[in-house]
Amino acid sequence: MASCLESIKVESVTKRFGPNQVLDGITFDASAGESYCLWGPNGSGKSTLLKIIAGLLRPSKGKISYCASGKTGAPLTFRNNIGMSAPDIMMYEDLSLAENLDFLAKARALPRDARFEDELMDKFSLSGVKGRQLGACSSGMKRKFHLVCALAHKPSALLLDEPTSYMDDAGRAGAEEIVSSLKKDVILIVATNDHAEKAWCEAAIELRIKSAGGNR
Amino acid sequence: MPYIIGTFIFTIMSGVLCGAIWFTPPAKVLGETARVIYFHVPVAWISALAFSMSLWQSVQYLRTNNPEHDIRAEVSARLGLWFCVLATITGAVFAKAAWNMYWNWDPREVSITILLLVYMAYFGLRSAVSDPETRMRLAAVYDILASFAMPFLFFVVPRIYSSLHPDTVINSRGSNKILDHRMLLVFFAALIGFTLTYFWIYVLSIRVERLVRAREESDE
Amino acid sequence: MNYVSKVLAVIDKDVRSEYRSKYALNSALLFCVTSLVVVSFSLGGSVTDPRLQAALLWIILFFSSMMSLPRAFVKEQDCGTMNTLRLTCEPSQVFIGKMIINLLLLSVVTAIVSPLFFILFNISPPHPGFFIITAASAAVGLSAVCTLLSAIVAQARARGTLFPVLAFPVLMPVFMVAVEATGKSLLPQSPWANSQLLVFLACYAVVGIVGGSLLFEFVFNE
C-alpha cells in the first residue's frame, strides 16, 4: 500500500443528467475502518454516487476530497488507493486472467504481493482458470475476477457496486469473508440492493428518487 | 440604452453602406469592383475576431468548468462561422469580377476553407455528444486542438499555393498611395461599424443561448 | 524508469490483444490494398507525375488511418474498460502508450503499402531515405493528433463519420506537406534542398505530442 487513506469527504454533491436531478446535496464523511452502504431503489443514484466518489464522474455541484497523511486531493490523484468493482467496469476480455492481473500491476507500478493475489484467486476458485481468456469465462466468474482486480493492489478505499451479483453461494461467502477481513483498515462503501451485502456495512445512507422537474 | 446603441450602430452602418457606394471613388487598379473591400475585409476581420474569442473562452471553460464560458465559446464560434461564410461569398463574388473565376485555390481561399471545415466539425462534434458536460469539455478541447494546427496552416499554405490576393497588391506598395483619404475613411468606419455590430449580436446571442439552455435544463 | 514501465504496460496489453484479434491491422491493410488495387486498376500506368503519385499514396494512407486509428479508445469505451484505465493509469501514461500503439500500427501499414504502391505504379524511388524520413515524421504527428481525437470520438455518437470530419482540417498541414515532400523525393534531383519540409513535419509532430498530452487530460478525466 502506498500511503493509507484517512478519509473521504463528500460535500453536498449534486448530479443532474440534463433535466433529471439524480443526486441532491449528498454530504458525508468516511474515515478508515468505517463502512457505508448506499441503499435505495433503482434509479436513486447509488451507482452514480459511487462513480462520483471514485472520480469517474464529475458532480454537477459539490466536491469529493480524499485525505491521506495530511494531503488532500481529488479522487483520481489517489487512484492507487482506490479499489473499485462495478457491473459496468470491465476488464480486458481478450486477455487471460493472469495477463489482466499483470497489466494492472505493471500499469500501477506498485510493489506486487503475488501471495495475496493467489490467495484471492483461490478464495474464488479462479486459480485453475488463470490462463483462460476472460471473454471465455461465465458472468459469475467475471464478477469474481473483477472483485479480485479491485482488491489485488490492496487499496485503502473499497468502492463496490453490487459486488456479488451473478455469483454463486461459494463466491458470496468468499467475498464476505475477504471484505470482513479487510474492513477494519479500509474505507468501505457498498452500493447495493442486496440485504446480505448491506449487512457488511455498519451504516447505511438512504437515497431516494428525486421528483421530476428539478429542484425548483 | 439598448435603443440608443442600436440606433448608433444602424447609423454607422447606413453611413458605411452609402459611403461605400456613392462617397468613395473607384480604386485605381481594380476599379468599381474594389468597393467590396468595405465589406469583405471587415467581415473577414470579424470572423477572425470571433474565432479568437471562441478559442479564449474554450480555454477559460477548461480552466473553470463554468458553463457560461461554453455559452460564449459556442456563440462566438457560430458568429465566426457565419461571418466566415459571408467573407467567402464576398470574396468569391469579387474573384469572379476580377479574374472571372469564383474559386481558384489562392492561399487565403485554402485557409478559409479549412477554417470553415474546422468549425463545421466543431458543431458536428457538439451535436454528436448527448451529455451536456461532456459536450462542453470535448468541444473546448477540439477548439484548442484546431488552434494548434492553425499556425502550421498559415505557414504552409502560402508556400504551396501561389497568391492572387489583391491586398498584397494594395498593401505592399503602401496603402495611402492606392487608397485615397475618402476610401480610408469609409474603410475604417466600416471596420468600426462591423465590429460594433458584431459585439451587439454577440451580447444578444449570449442572452438567447442562456435562455435556451435554461429551458432545456428545466424542461420535462 | 518507473514511468517508462507504466507506459510499456499499456503498450504490452494493447499489442497482446491486437495480436489475438488482429482486427485493426487487418482492416487497415485490407482497406489499403483494396483501394490501392482500385486506384491502380483505374489509372494504370497513366499517372506519371510524381506529385500526383505522392497525393494518391497519401490519400490511401490517410483514409486507412481514419479507419484504424480511432479504435484505440473506441474499443476501450465499447468494452467498458475505459473506467478501468482511468482507475489504473495516469492520463499522460495512457496517451503516450496509445500514441505509440497507433504509431506502430501506422508504421506497419505504411511499410507494407508503400512498396506495393511503388511496384504497382512502376516507380523506383530515387531517394528512399528522404521518403522514409517524411513518412516517419508525418506518422508521428498523425498518430499524436489521432490519438487525442480517438479519445474525443469515443465519447460521441456517429464515430465512424465524425472522426475523419474532425481529423481532416487539423491534419491538413501534415497531409499537404507530406504530399509535397513525397513528391520531391520521387523526382530525380536531390530533395534535400527541401529539408525544411521535414523540419516542418517534425515541428508538427512535437506540437502534436505536447499539445495532445496537455489536452488529453481533459478528455480522459471526467
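When the chains are written out, they are named A, B and C in that same order, and each has its own residue count from 1.
As a convention for this text, a residue touches a chain if its C-beta (ideal position, glycine included) is under 8 Å from a C-beta of that chain, and two chains touch if they have at least 3 such contacts.
Keep in mind that what you see is a predicted model, and the values were worked out from it rather than measured.
Asker: Compute the centre of every chain as the mean of its C-alpha atoms, then state which one is farthest from the centre of chain A.
Answerer: B
Asker: Count the C-beta contact pairs for A-B and for B-C, then tell me which is higher.
Answerer: B-C
Asker: Taking the mean of all protein CA atoms as the centre, name the chain whose own CA mean is closest to it.
Answerer: C
Asker: Averaging over Cα atoms per chain, report the distance between chain A and chain C in Å.
Answerer: 37
Asker: Find the geometric centre of each of chain A and chain B from their Cα atoms only, then give the gap between the two centres in Å, rounded to an integer.
Answerer: Going by mean C-alpha positions, chain A sits 50 Å from chain B.
Asker: As a quick test, compute the distance in whole Å between the mean CA positions of chain B and chain C.
Answerer: So the centre of chain B lies 32 Å away from the centre of chain C.
Asker: Could you list which residues of chain B touch at least two other chains?
Answerer: 133
Asker: Give me the residue numbers in chain C that touch at least two other chains, ranges are fine.
Answerer: 222
Asker: Find every residue in chain A that makes contact with two or more other chains and list them.
Answerer: Touching at least two other chains: 58.
Asker: Going by the contact rule set out above, which residues of chain A touch chain C in the complex?
Answerer: Residue list for chain A touching chain C: 51, 54-58, 76, 79, 82, 84, 86, 88-95, 99, 103-104, 106-109, 133, 149.
Asker: Quick one: which bits of chain A touch chain B in the complex? Just the residue numbers, please.
Answerer: Counting only chain A, the residues touching chain B are 16-20, 58, 60, 212-214, 216.
Asker: Over in the complex, which chain C residues touch chain B? Could you list them?
Answerer: Chain C residues touching chain B: 145, 148-149, 152, 155-158, 162, 165-166, 168-174, 176-177, 180, 200, 203-204, 207-208, 211-212, 215, 218-219, 222.
Asker: Show me the residue ranges of chain B that touch chain C in the complex, using the header's touch definition.
Answerer: 62, 114-115, 117-118, 120-121, 124-125, 128-130, 133-134, 137-138, 140-142, 144-146, 148-149, 152-153, 155-157, 160
Asker: Considering the complex alone, what residue numbers of chain C touch chain A?
Answerer: 2, 5-6, 8-10, 12-13, 16-17, 20-21, 79-81, 83-84, 86-90, 93, 221-222
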